[in-house]
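As written, the chain order gives the labels A, B, C and D, with residue 1 at the start of each chain.
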Amino acid sequence: MTMDKAIKEFVRDGDVVYLGGFIQHEPYAAIHEIIRQRKKGLTGSSCAGMIALDQLIGAGCLDRVITTYTWNPLPKPAHAFRRCLEKGIPHDVKIEEYSILALTLSYFAGALDLPFVGTKTLMGSDLAKNSSFLGENKLKVIESPFNGEKVCLIPPIKHDIGIMQVQRADSIGNAQAWGVMGDSKYGINSCSTVIICAEEIVDTEVIKRDPGRTIIPGFKVSAVVEEPWGSHPSYVTGCYDMDWKYFSFYDKATESLDGFENYLKEWVYGVKDRSEYIKKIGKKNLDALKAKPWSGNPVDYGYCAQYQEDYVL
Amino acid sequence: MKYSTDYSSIEMMIIAGAREIENGQILIVGTQWPIITTLFAKRTHAPDITICYEGGVVLESIPDRIPLFTGDPCIASNSVLLNDSLDTLGMILHAGYPDIAFLPGANVDRYGNINTTCFGDYSRPKFRLGGSGGACDFGSLAKRVITMLEHERQRFPERVDFITTPGYLNGLNSREEAGLRPGTGPGAVITTLGIFRFHEDTREMYVDTYYPWGSIEEVKKGFQWDIKVSKDVKVADPPTEEEIRILRDEIDPFGMYLKNNKAKPISTL
Amino acid sequence: MTMDKAIKEFVRDGDVVYLGGFIQHEPYAAIHEIIRQRKKGLTGSSCAGMIALDQLIGAGCLDRVITTYTWNPLPKPAHAFRRCLEKGIPHDVKIEEYSILALTLSYFAGALDLPFVGTKTLMGSDLAKNSSFLGENKLKVIESPFNGEKVCLIPPIKHDIGIMQVQRADSIGNAQAWGVMGDSKYGINSCSTVIICAEEIVDTEVIKRDPGRTIIPGFKVSAVVEEPWGSHPSYVTGCYDMDWKYFSFYDKATESLDGFENYLKEWVYGVKDRSEYIKKIGKKNLDALKAKPWSGNPVDYGYCAQYQEDYVL
Amino acid sequence: MKYSTDYSSIEMMIIAGAREIENGQILIVGTQWPIITTLFAKRTHAPDITICYEGGVVLESIPDRIPLFTGDPCIASNSVLLNDSLDTLGMILHAGYPDIAFLPGANVDRYGNINTTCFGDYSRPKFRLGGSGGACDFGSLAKRVITMLEHERQRFPERVDFITTPGYLNGLNSREEAGLRPGTGPGAVITTLGIFRFHEDTREMYVDTYYPWGSIEEVKKGFQWDIKVSKDVKVADPPTEEEIRILRDEIDPFGMYLKNNKAKPISTL
């Protein structure tokens, strides 16, 4: 499926959208398409990304944010995020903040549809004391019925739609990813509808040669989009590195509101799709980011295949 | 399409089970009869079903040989996802994806509760069985549980000695009152005598369908309580010759599941 | 380390012992050594094994059992397990039973040291109503403070020692396993002390070529024992299949109490170590069980390695 | 062994941080100064430490190039475990394994609470920072938290505007009363002026050590409250020439962490 069609068909105004990827695997190609299609009123949920939420906030697509951290990785501020929270530009968004472990446990609870998970993190922090749109449903601190000690209950966050970049997927959506996975496996499994953006669409036989690598089964996936370089300017292990120059450019370009608008005009609205964006980055720059191979000994899933005459019911 | 006249009651049960499956469904599948039943369905009318096993297995194709149990080594090189129990029992079953959960059963009672733990007193049983495995999870969580077992009267007490796998507990709303989710629970019990379903209010098991060679009287004798009979009770179509051929020659060519049952053709029942 | 030394040093009478492996990866070599060393008063915790608990119960090593299922895979009864629970032979053991998901969540809680995990499984079952040595600490059914619905709280089970067979490990204990993993990753991470039995000890460089495959980091592991065929008569994906003939033999051999004692005499007490056991199985039988290769495309963990001049703090 | 006379206050901070580490320890490590500090320790006196990062990374060796942050692509091909955050923040940190958690900090207060969220009112901040990431988990769960940051007076208010990462909250037993585990919490704050620790009863930060070129008066001026000074206050040993060489030439040869700080040698402070 094309990205254009996948976003049009599956992302509806007002949806709670999980943005997968823990720095790597962030779906920037999909995010730009969401901005191009001027989606509105979304809740963006991203555990530990970089400028994904920044761009969606600045473009006015989000009304609510769920996150643990939003910053340019340089480390420089995410300017649109700052402008929004400090000054309400382009409009106020409500923010619900967690620690990485707490939010990952929330995604975990969402992926399994558990009522909640009890944890010892987060208590004492002002992250636990402050809640916005989730209100009383953000968390509860109770006394353990086992031993009376205080326990922080983290309920699931339900996502209408999840989007994530992966190294490879087959055409029915069985998706394989590796590297720094962070919250991604649980996050992407907590979504009612899933769009998988893959560096490469492979035959199901490739998936079946290493089924332990599959992070989500195909039947949970509604669309598979082949989108090489889809995580640029972030990275995908074994494919390409972070583009620090681009982050540096983004930092300077978006420091002012005008600059941010011009960035969108040039790099998002001004390109038709990801292939134009990639062309704009340029072959020389991309070549410099390409990963050098570091591949492992393949593991073996074999069995002996003989007829087992001693097994008869 | 020609109906078979040479099939066993086990084969009838398998084919009746397979007929419950619609193409494209997500199934979570226990060991024994459920394995062969779901693979048969995938080979015939439901090629696009997804088959999940409790140890962390998702299959989209039929393994090279029929798995001897849900952790058979032959599964590894045929699955599209192979990892933890949390991947299947957690992120698939607890998350509510399966359309049907297929279970084997040792004992099933009036409200579809299953016992695979023990006969007699739990603390000092007369006969100790293996235990739950994932069966209790299937029964606790799945939207529609189908249990498959050979029909012997001693397997159908009015009340099981031990509820390993919750069905409708004591009927009416007792399942929901125990904390289990509404819209989950037993959908059918399929045996070598017929298909039994559950009344939507009382949640009591009733005779829905019996097999071509059978009778209502014979079926009723298979239960230790006076089981109700649907006023629309049906007689199942026999398997077709082609279904029996596929089952015997393609799904279980070495007779690992069927060898001991081929000896009892329907003509002798 | 040798198995003899590992069991002597790390398994103490009275320990709560996690037996890893979900059918495959069961540590039969270690179990036989525990029996040979006549360990006593152990609690054996195994989510979904086969005759591991049966042998330990029959040999008198266990006082308590935590499990979801114990049976010969044929499917035939595990005779020592039956004799014990039905007749108290060789002595009574207390048993605490769960479903696979509930016990896996308990191991998960143990691996993270969470106070508990809330779930919708198990309620209504007599597994939830009956408790033995864990008493009130087996589980609690409470009303959710979020929405009032009933929730089953599963607390962690803490294991003194965990033992598991894996495909490969390095000498410092970084262990890699694949196949039907079941509860094993969480179970083995819930143990204070860990013995890893590996089909093969590999160089750390092999581990580093596919670090996504590591199920437990070396610093949690106290001993690594190289023990090829260590899971026989069960199997290890990519290495060897189940030995159905042996299970059939075990079924018949152990049906009577005398038969069970003779089995131990011949196959456990009667052999010095695993290599003698393996010799006793015989090369022809082993060859028939060897897995045929089915290896995957190796995945790539590469990066571009260039100096990133735009990153200066 | 010869002491260096040409090092920066940042380099002193890094080396002071590294001295807190004993060989063989398990560390969970945040971004920025903690990265270079722990790799330096591993390269020098503590080769057998294990370094864990929040995204799911366990390192037993020094990467080919210094990671630019804890998710740097260069980590993937050097780790011995690489997977989920639940592997490190869960099965390592929440499980209680790390001996030390190393954190960067924007603001630190009298009781070691850290703010990396915002200055001013949370609902409409004057300056909005990135947020917690895993920092709150480090601070909530670790046995001994060490925070490293450049010492500027505005970074050390008596009370932070927002507690992103809990230290000892309001001192005394308030941390435990909030539900955090006994035996966890801040162990030290290490800055470009000195090393600050916490009183075991009041849990208030005090001056433990200052650096060779400094003075107690200068250190005290770095805080917005009247910080107490240990009666056994110590002066740190300077780095050795060999330590500075390793730090500059082997750990950070391209000056990614140190380039901007080499310009301020200690002789000019």
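Annotations for the structure displayed:
Throughout what follows, a contact is a pair of C-beta atoms (placed from the backbone, for glycine too) under 8 Å apart; a residue touches a chain by one contact, two chains touch by 3 or more.
These numbers come from a predicted model, not from an experiment.
Touching chain A and chain B together: C. Taken together, chain B and chain C share the touching chains A.
Seen from the Cα centre of chain A, the chain whose own Cα centre is farthest off is B. The pair with more inter-chain C-beta contacts, choosing from C-D and A-D, is A-D. Between the Cα centres of chain B and chain D there is a gap of 58 Å.
The centroid of the Cα atoms in chain C and the matching centroid in chain D are 39 Å apart. Centre-to-centre, using mean CA coordinates, chain A is 34 Å away from chain C.
If you average the CA atoms of chain A and of chain D, the two centres end up 29 Å from each other.
Residues of chain A found to touch two or more other chains are 75, 113-114, 119-120, 149, 151, 178-179, 181, 209, 212, 235, 237-238, 241-242, 244, 291, 294, 301-305, 308-309, 311, 313. Contacts with at least two other chains are made by residues 32, 68, 72-73, 76-77, 82-83, 86, 90, 94 of chain B.
Every pair of chains meeting the touch criterion is listed here: A-B, A-C, A-D, B-C, C-D. Chain D contributes residues 26, 32, 50, 58, 60-61, 64-65, 68, 72-74, 76-83, 86, 90-92, 94-97, 254-257, 259-260 to its touches with chain C in the complex. On the chain B side of its complex with chain C, the touching residues are 31-32, 53-57, 68-69, 71-73, 75-77, 82-86, 89-90, 93-94, 117-118, 122, 124-137, 139-141, 162-166, 169, 175, 178-181.
The touching residues of chain C, counted against chain A in their complex, run 74-75, 113-120, 136-137, 140, 142, 144-146, 149, 151, 153, 155, 167, 176, 178-179, 181, 206, 209-210, 212-213, 235, 237-242, 244-245, 247-248, 288-306, 308-311, 313.
Those residues of chain C whose C-beta lies close enough to touch chain D in the complex are 111-114, 170, 172, 174, 189, 204, 207-209, 211-212, 214, 217-220, 301-305, 307-309, 311-313. Within the complex formed with chain B, the residues of chain C that make contact are 22-24, 47-48, 67-71, 73, 75, 77-78, 81-82, 85-86, 97-102, 104-105, 108, 119-127, 130, 141, 149-152, 178-186, 235, 237-238, 241-242, 244, 291, 294.
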